[in-house]
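Beneath this line is the structure, given in C-alpha cells, with notes to follow.
Each chain carries a letter (A, B, C and D) given by its place in the written order, and its residues are counted from 1.
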Amino acid sequence: MAALGTAIDSLTAAMKCNIIPNQEYLLQGSVLDQYVEVLLHRLRGLCDNVDSGPETFNDHELCYSLRANNVNTPMALPLRVRRALDVSDAPFQLRYVGQQELGDKNRPTVVRSCIDMACSSTIIEFLSELGCRLDFEYIARGYMFRKGRMKVTVSKIFKMNGIANKPGEGVEAISQSYLVELSVQAPSGQDAIAEDMRVFAEQLRPLVQLEKIDYKRLGNMM
Amino acid sequence: MQQREEKQLESSLESIIQRVNDLKASLASMIFKIENEYESLNWPKFLDNYALISGQLISLSKVLSHEKCTNLRNLTVLPLMLSPERDEQLIQMTEGRITTFSHDLVPDYLRTKLEPLAEKKMLQLEHKAQGLQYDNAQKQIAAYQKVVTHVWDIVSKAREEWEVEASSRGNTQQNSSVADTHLLVAAVGMGKGLKMGPNPNGQPNSTSGGMMVAPGRPGGPPGQGPIPPSSQAMSMSKAPSAIKTNIKSAAQMHPYNR
Amino acid sequence: MGVTILTQFPVENKTGPQIIELLSKRISALGAVPQGQFLVDCETYSSVPALGHQRTVHVLHNSEQPATVFALLETGTKTIPLATDGLFDLLMMKMSSFYQSKKQTKAESKGPRFEIGDFCVKLGSVTVSSNFKGVLVEVEYKPCVVPAMCWDLIMEFMQGFLGSLGPTTPPSFLQNRMQDIYSPIDTIQQYLEHFTLFRKSPGPALIMRPQ
Amino acid sequence: MERDIEQLNSALNSVKILRSNVRCVFESVSNGLRADHGEESKESKYILELQELLTIVNNNLRDVENSVGNLTPPPGAFSLGNTTYLSQETTQERQQLYGQLVNSYKWTDKIREYSALAGNMLAANSFNKTYKTYSTTKRRKTQTSNHNVPPEIIENLITSIDRLFTDVTITAKRPFVPNPLIQVALGRVLRAVIAFKGLMIEWVVVKALSEDNDLWTESRYKVFRKVTENCHAAMCHFHSPMMPELAVRSFMHWFHSYITLFSAPCKRCSKHLQSNLPPTWRDLRSLEPYHEECK
C-alpha cells in the first residue's frame, strides 16, 4: 500500500489542479413581499427541483471579523457563520468572503473569492476566542432553488432584537422586500458560468432585477 | 490583373458548381424518395427535404450575389462550333442527357431569355395593359389601394394596442424597489442597520451606552462577560443566547472605536 | 468511531523502525491483519502580537477521517475543539497575517495499521520537524462509545501485547470525560497532548512516560 | 360443468395443434427445395412432403371440428355483474381496471385453493402439544392466540417493559398494525431491533448505536453479531406459547443484562477478553456473563 500523503499535500495538489471552488459569482436583487409568490412560482418552473418544490431554510448568520490592533496596518478578515435554526443536527457553516470584484462592464456578475466549510457547533466559541468580534447578525428565512450549479435564494432578512434571548424570537423584518441572490461557487477562471447566470437573470425580469451591486458605492450612498 | 480575374472567376465558378451539385443531389434524392418510398414517406419528412432544398437554393443565391463572385451576366458564352456528331465528352459531362452539340439543341440550352411560351404570354399581358382605359385603370388602382390601406390600418392598430399593453404592464407593475434592494444588500453585506445598539442606523460609535456592557479590559480576552466560560460552552451547544453575543459585540465595539 | 486509547511506548535505545517491527510481530502473532497505513499530523500556529494576548491554534489531520480537519484553540485558560472540513487549511493561509505557523514544530505520527476482531491498532513513529521522537500506540475498540464502560477491556487488550508497558490508568485527557460519548476529536486531543510532550522533550531517549 | 371445461380444454388443445401444423406447412412452403431433398427427383420428394403435411393438417382440422361439435353452447350470456360495464368505460385510466380485476380474481382463487390444501394437511397432522391434552373448556376460554392479538395488548406490553427498566428506551414503529417493530436502546451500549408477530418475538438483531436500524442487515461489529446469535437462542429458549407475555418479559429481562456487555468480566475466567471478544453470553437463569468458550 502506498504511503499516505499529508492532508496539506493533497490540498496543494487540489489547488494546483484548480478544483477548489474558491470563487463566488454573485448577482443580487429584491422583490416586494406581495410579488414573492409570483417569483416563487416562476422559479419553480425554471429550476431543477421541480417536483420536490423549493427547499425552505431558516438560518441565523453571524458576521465576524478578525482585526489586528495596530493602527498603521489596518487588516481585517471577515468571517461568517451560518447555522440552521430549523434543522438542529445540521453542521454549522463557516465562510470567508473576500473583496468583491465588479470588473468591467462586460463581466456579467460580481466575482468574489470565498471559502466555505462545514464545521462543528463549537465554531462560535472558537471564533470569539480566536480574537474575532461579532460585527452584526441577522436571520434569513426563505426558499432555495437550484438550477444546475446555480443557486437561487429568496430570503427575508430579519434583524435580531437585543431583548430576545433565543434567535428566532422577537425578530423584525428590515424591509418590505425579499432579498434574491443568484450565486455559483466555482474554481477560479470558470467565467463561462457567469454568462449562464446573466441569461438566467434575464429570465426573471422584470419581476426581479438581478444586478451587480457595488458595496463601496452603496456604502457612500446610504 | 488578367490572371487574378481569371482565378477569381474560376474559384467562383467552382463554388457555384459545388452548390448546384448539392442542390442536384438533394433534388435527386427527393425525387427518388417520392418515387420509391411514397409508402413510408410522411409529411414531416417531405418538409425536411423541402427545407433542405430551399436552404441550398438560398446559399446558391448568396454565392451568386456575393461581391467576390464575378458578375456572370457580363460574360458571354459563344458556341464556336456546332456539329451533328455524337460527342462522347459531352455525354459524360451531362451524365448522358445531351448527346450532340447540334443546331436544334444549342438555342434551348444556351438560352438566356424566357421560354418562348412565357414570353408570348408576357407580351399579351403588356398589350392588354396598354389597351386599358385611363379612367378604368385609375378606378382599379383606387380600389386596390383602398383594400391595402384598410389591411394596413388593422395591422397598425393591433400593433399599437399590443405595444401600449406591454408598456403599461411594465410601468404599472412595480415588482421590486431599488431602494429595498440596496437596503437588503447593504444589510447582509455590511451589516447596515443590523448592528446592535440604540441607534438603528448602525453607527457603532454610539453604542457605548445602553447595553449591559461588561467592564472588560480593552483588547483583553473576549468572552469574559458575566457568564462563566464553562456554562457558556454548555449553552453554546444548545442555542447561543443573543444576550451573550450582544454583550460581547458591544463590549468590543467600544474599545476598537470603528 | 469507538473509544480510542493512545499510549506512548518507551524507546530504550532502539530505533523507531525496530520498535515498530517488534510490535508489529507481536500483534500479528495475536492474529491481527495489516490494514494499510495511517498518519496523524499537527501544525501549530500562534497569534501575532497585534492580536492581543498569545493564543495558539493547532491544526491536526487524521487519515482515519480524511475529509475532516481538526483545530484546537488554546487560549491559555481553555482549549476549544473544532471539527471542520479540508478547506480550513486554506483559511489558515488567509489568516497568515494574524496567525503564523511555527515551522519547527510540525509533528506527525505515522505507521502501520492493524485490525484484530473489533479492535484497530495503530503503531506510529512520531517525528517533530522530521526528527524521530518516539513511538505512539493507538488502540481503538470500535463497538463501544463510552470510555468508562470499556476501559478495563481495552487495558486488558493493551497489556496483552504491550506487556507490563501497557497503560494502567486512563489518559489524563479522558479522565474527566469517561462517561461522555466518545468522538473523533477526543482522539485528536490525545494526540495533541502527546505531541506537546514530544516537542518539549529534547530527544527520543529521555522521554518520560506521561502518567 | 366439469365436463364442459374438460371439453373446452381439449378443443383449445386441438386448435393449438392445428395452428402449429399449419405453421409447419407454411414453413415448408416458404423454404422451398432444401438440400436434404437430395439431387434426384427432388421435386417429387418435396411434393410428397407437402402432401404429408397437408394430410396432417386435414386430420387436425377434423379433430377441431369434432371437439367443437362436442361443446355445449353456454346457456345465454355470462353474467359478469357490474364488471360488464367496465368494458364500456371510456376514460383511459379505468380501462386498466378490468385487467387488474381479472388478476385479483385469479389471486383469490389461488389463495382459496392453497388454503384448502393447507387445511387438509394440517387436519391430517395435528399438533399434539402437551398443553392441549389438559386444556379444559374453562382453560380454552382464557387461552389467547399469541400471533393474532389486538394491538392494544401489545402496546400495553411494550409500555410496561419500557417502564420496567430505566436505562432502556423503546421506540416503536408499526409498519403492519398487529406486528410492531421496536427499537430497544440499551443505555449507551447497544441497540436491538425486535420484530413481533403478535405477542411472539419473531426476529432480533443487535447493532451498535451508530448503525442504521435496518432489520435485515447484521452489525458490522463481531461482538454484536455474536450477541445477535445469542439473542436468537434465548428467543427460542424463552418462547412459550402458553404465556406469551411472560416469554417476552423474561426475554427482555435477560436481554437487559447486556447493559454490562463491555464492562463485566467473565464469571469463569474473570477476564474481559477471550479471542478479542468480551463475554457475549449471559446465563439464562443467573444472567451472569460468560465467554462463549467458558459457558
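To be clear about the criterion, a residue touches a chain if its C-beta (ideal position, glycine included) is under 8 Å from a C-beta of that chain, and two chains touch if they have at least 3 such contacts.
Owing to the predicted nature of the structure, the values given are computational and were not obtained by experimental measurement.
In terms of C-beta pairs in contact, the better-connected of the chain pairs C-D and A-C is A-C. Chain centroids computed from C-alpha atoms place A closest to the centre of all protein C-alpha atoms shown. Chain A and chain D, compared by their mean Cα positions, are separated by 53 Å.
We define each chain's centre as the mean of its Cα atoms; on that basis chain B and chain D are separated by 63 Å.
Each chain gets one centre point, the mean of its Cα atoms, and the points for chain A and chain C are 36 Å apart. Annotation for chain A: residues 69, 122, 125, 129, 131 touch two or more other chains. Residue positions 52, 75, 78 of chain C each touch two or more of the other chains.
Contact of a single residue of chain D with at least two other chains is seen at no position. Taken together, the chain D residues at the contact with chain C in this complex read 188-190, 208-210, 221-224, 262-263, 265, 271-273, 275-278. Residues 36-39, 41, 43, 47-48, 50-52, 55, 57, 61, 63, 66, 69, 71, 73, 75, 78, 80-91, 94-95, 97-98, 108, 110, 185 of chain C are the ones touching chain A in the complex. Interface of chain B with chain A (complex): residues 170, 173-178, 180-196, 202, 211, 219, 221-223, 232-233, 236-237, 239-243, 245-246, 248-249, 252-253, 256. Residues 28-32, 35, 38-39, 61-63, 67, 69, 121-122, 124-125, 128-129, 131, 133-138, 140, 157, 159-160, 162, 164-167, 174-177, 179, 206-209, 211, 213, 215, 218-219, 221-222 of chain A touch chain B in their complex.
Against chain C, the residues of chain A that register as touching in their complex are 1, 3-4, 6-8, 10-11, 15, 20, 22, 66, 68-70, 75, 77, 94, 96, 115-120, 122-123, 125-126, 129-131.
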